[in-house]
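Got some structures for you, see below.
One chain, chain A, appears in both complexes that follow, with chain B as partner in the first and chain C in the second.
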Partner chain A sequence: MTTLSQRSPSSEFRLLATPLVLFLLVFLGFPAIVNLIYSISDVSFETLRQPRISGLSNFAAVWNDSAFWQASWFSLRFGALTAVLECALGLFLAIFLSPLIEKRSWLMAILMLPLMVAPALVGLMYRLVLHEFAGPVPYYLWTWFGASFSFLGPTSAFWTLIVVETLQWTPFALLLFYMAYQAIPSEIVEASAMDGAKRWHKLWYIELPLMAPTIVVALLIRFIDGFRVFDNVYVLTGSGPGGSTASLSIYIYEAFFKQGAIGKAVAASVILFVASFAVLYGLNHIASRRKGAVK
Partner chain B sequence: MINALRWLVFAVAAFAMNFPILVTLVTSFKSARELSTNPGLWVYAPTLENYATVFTVSDRLNIFLYLANSVAVAALGTLLAVALALPAAYAIGRGRLGERTLLPFIVNLRAVPLIIFAIPLYMMFQWLALLDTRLGLGLILTIVNLPLALVILVNAIRDLPGELDEAALMDGATRFQILTRVIAPLCRPAIVTSLIFGFITAWNEFLFGLMLTTSKAVPITVGASFFFAASGGGVQWGVASAVMVVGALPPVLLGLIMYRQISGSMTAGAVKG
Partner chain C sequence: MGTISLRKAGKQYGTSEIIRDLDLEIADGEFVVIVGPSGCGKSTLLRMIAGLEQTTSGKLLIDGRDVTTAPPVERKLAMVFQSYALYPHMTVRQNMGFGLKLTKLSADRIKAKVDAAADTLKLTPLLDRYPRELSGGQRQRVAIGRAIVREPVGFLFDEPLSNLDAALRVDMRLEIAKLHRALGATMIYVTHDQVEAMTLADRIVVLKDGRVMQQGTPHELYETPANLFVAQFIGSPKMNVLPCSRSGEGRLDLSGEGAIELPLASEAAPVQIGARPEHLFLVAPESGHCRGTVEASEYLGGNTSVFVRNPRLGLINVSAVADSPFRIGEAVGIRIDGARASLFGADGSAIARRQAA
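And then the complex of A and B:
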């Protein structure tokens, strides 16, 4: 055993993890520091290398910018609505279709197809689908009902984006729930059948509670992805009329690239950075305490 | 009876969720003349002229370049991510190194809006002359791929029996030798899964491609949008559809062939992360 301790396994392990840590320090640590410095500096594209520390004025500018709050509200609503819709639809499809998918797994491949396509391309595809002359949706609406609808207009753009996002990512929730549903031990279900439990009772009192942790995780993942949405919204509506469809990601992008407001963009990034890590570590903390309680 | 209803629900769901893909595929085979009178879901006179246009290189549009860029940056972003994640996953899974610091940080990274790093990365790339290069975009895609690769590999290594390592240690092997000769071969399915999934994710990435490239290193997700403004007049929808089909095909084919592995890895981060 002495040979083992002489070789000091922990230092060997540290060496193995070093490349990853160095990579993260360069490509995330350095940007994080630049973010922090620039967020409290007076900076423009001309003075990039000589930022002058100017206190919290950038944060004040963001805080007093109604577009920032509008974008935050958009991201929150968009994330929450799409997460709930995707999970509700996905849960129904996973349970209702599971007898079909169990026997023919290629059905799942068809349902998963939208997940393989870049969200940016899906967004571009909807520009075609909804186009007033070339798009099939307005075409069929005209032929069948004699009227169409301005899908990307000021009032409807938000809901169109919700549908676009939901249709692409419902398969993700469906896949997660299908696997959780399949993982329910068959003894439990059989035992309840012996007790004569009705289908609905079985679903409500046995299967759904067993799937609850997966449902929470799916809601969370989909909320996060919806909250930080960029690609499909950017190519479909951009920030939209009056910034009505600007998510926080789009707000930061446009502040930097379109307005050249580096300080504001960076300050907003720092706010988002702190908020996301605070929320994520909080959730991790709760999750690990839960696990501890169970043990 | 209930089974008929299930099939109906499946058909409606599959149709609705795949609708944009279906429309794009159909439109890509329509001539400009047919499209002006028939925007419906059927092609009466299918043609390949849109694809011919897409694959014709012009001064402004070069689909071969965009595709080659996507292949290069996705390959770099995937291989580098796995190369960095595998030894770290071994240190985390076996050595229990950074289980409470490094691992949760990287897992959380997957949930952070990456735009918060985009602006300093843009400036940093400007200083390092990495803007509009394949190397630069590939390095950023490595960050995008790292979290899931790490979770998949840590889980795979934890599932291997520890006796393997102990036996090799007794024989005088170093940790590095154990990793390359024992662990890595046994983790091959997990490595393949992270490679496939990483490639699809990197191929489909848009935000950094948009921010960090302008002409030489433009990936297909960004290059496809160039075709929407191709001519002076309105969008040529047939051509635009053809380019979207070409851009979506590689990940879709990869996904269809490997969907079992992918469904496992998509849920890896969710269920165990």
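And then the complex of A and C:
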């Protein structure tokens, strides 16, 4: 007697997975293949349907473009710095605000507000507030303290962007860390108190190690998000001054739309894709090796 | 040393009083078991002694030193939690050595102490494992090991066996008793299981609604309960409580049933007789103190619990010999062993009987 349950599990698996696989092939696989073809072609908007294969010349163009390396360096620094700052600040707030949030949970909703605002809008808002001639912040700095400070000038634009990004995304880290902090079983913390742990010991030996997996995940998510930043930076500083705040996303966007260099833009995204895949693969490898140590 | 005393200790959460004016003196090396139904405040009491809960009134002294407001570490007590509360990111060795590490003891000394404790608890082969790689019983032993390496003045156990299966519970019970004999340290053990209380304790403290109902050796509590609550809480199966009235000097009437000759020490009128199932005997219907019909019987191997229904006295549990000939629906008589029965007044407190000369 053959019943459904006796059918081999792999055939059932294939049957059930088919719709998803088809969906992915059509909507992700097709554009990916087209992109791969464009990246090795000489192509413009007029010749989109007849790309002429030109080997690796697009990759060479990208590779030799100093703007590409400048943008990569910007994205890397921006992603790493904002991820570390957001996680450090989020961790600090999660631990020190948790007694307050426990009692008044609506505080969390208020703390989450920055996450609800569209990043482009945040960029626009700061662009107005920090504007050298019309913005209120430089105006009052000048009238009250006699200080003239160009927030979006060549020396400070990078740090202004870092601060803006950190202010907007710290609540995300705070949310993750607050959850992880609340999930630590109280008996384990009490056991450490019986063992003689003071506040600092508890944090260092018990709470932080138990939160470590969440911290790694938050750092990773924030790094990826910061690395491919586009909207708030684009709105706040364009890519200036002098291309100094062009992220990789902005570089690709400008190559594509402003220079019409489709092949170059696509080649840059392929490089980005391969690079991020390599990073992810490496992290995954480390994580699976570490799994033995952390629950 | 390890004397612990509570003087009029109390614990209040807002307006609700969990523990009220509790006095308790625990001698060095004593094994005290605190029992009570859930919600009686026994875990709160233990956590107050540990320092994990603030004592809101009264005093707590350890070895004569006032530690009412001292943090847990200064009390030099160790606690074994119900959930074991092992540090999941540390190996067994790190778990056991954590407290010592915080005291800045040298790594060699920590290793020596952990090895010694692991040896007594048969944990040596498990020292490099993580808690999640251990069984429940092994985790429990690690939790105990973590407590003993610190050489505390007293041990606190918070229902340590309730997460284990029945067979393991019996083994661990014996091991804890053995540990107490070996270490000779003061131990306070909280449980809702009166069997654990009876088997482990030098002294049992019965708690109800934050008050001590009675304290004494298991034998005292079993033979001379101070009130109905203790009488029914200690002992399994539960003591039968039968309404009665005084019908003359040394005579009690069982609500319309027979009379029992019982010498009383005072003029107080008992209204209830407490008789344990093993102190009742099934006899022919006409020769007992009361009668009834067999409603159910539970064969337990060594003996049989026979439930006899009497319209005025309710359901009476009699412990009969295993192959008792009584069948369900049959009319039987029950004879009460008057010498072993307890008497209770209207307020539920026990009434003393004149000592049989």
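Criterion: the second predicted complex is superposed on the first by the 258 of 295 C-alpha atoms of A that agree within 3 Å, B and C clash if a C-alpha of one lies under 4 Å from a C-alpha of the other, contacts with A are read in each partner's own complex, and residues count from 1 in each chain.
Here, contacts are C-beta pairs under 8 Å (C-beta built on N, C-alpha and C of every residue); 3 or more make two chains touch, one makes a residue touch a chain.
It should be emphasised that the depicted structure is a prediction, and the values quoted were computed from it without experimental measurement.
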Fit-or-clash call for chain B and chain C when the two complexes are aligned on chain A: fit
Partner chain(s) touched by A:F257 [first = chain B, second = chain C, both, neither]: first
Partner chain(s) touched by A:E190 [first = chain B, second = chain C, both, neither]: second
Chain B versus chain C as contact partner of A:F158, first or second or both or neither: neither
First (chain B), second (chain C), both or neither touched by A:M116: first
Which of chain B and chain C A:Y205 touches, first, second, both or neither: second
Touch count on chain A, higher of chain B and chain C: B
Touching partner for A:F230 - first (chain B), second (chain C), both, neither: first
Minimum Cα separation, chain C to chain B, after superposition on A (Å): 17
Of chain A, residues touching chain B in the complex: 3-4, 7, 9-10, 12-17, 19-21, 23-24, 27-28, 30-32, 34-35, 38, 48, 93, 96-97, 99-100, 105, 107-122, 124-129, 131, 133-136, 138-140, 167-168, 170-172, 175-176, 179-180, 214, 217-218, 221, 224, 227-228, 230-231, 234-235, 248-249, 252-253, 256-257, 262, 265-266, 269-270, 272-273, 276-277, 280-281, 284
Sites on chain B touched by chain A in the complex: 3, 6-7, 9-10, 13-14, 16-21, 23-24, 27, 35-36, 39-41, 83-85, 87-88, 90-92, 94-95, 97-98, 102, 104, 106, 108-109, 111-124, 126, 139-140, 142-143, 146, 150, 169, 172, 174-176, 179, 200, 203-207, 210-211, 221-222, 224-225, 228, 235, 237, 240-241, 244, 247-248, 251-252, 254-256, 259-260, 262-263, 266-267, 270-271
Residues of chain A touching chain C in the complex: 185, 187-188, 190-198, 201, 205-206, 209-210, 212, 293-295
Sites on chain C touched by chain A in the complex: 50-52, 71-73, 77-79, 81-83, 85-89, 98-99, 102-103, 130, 132, 146, 150
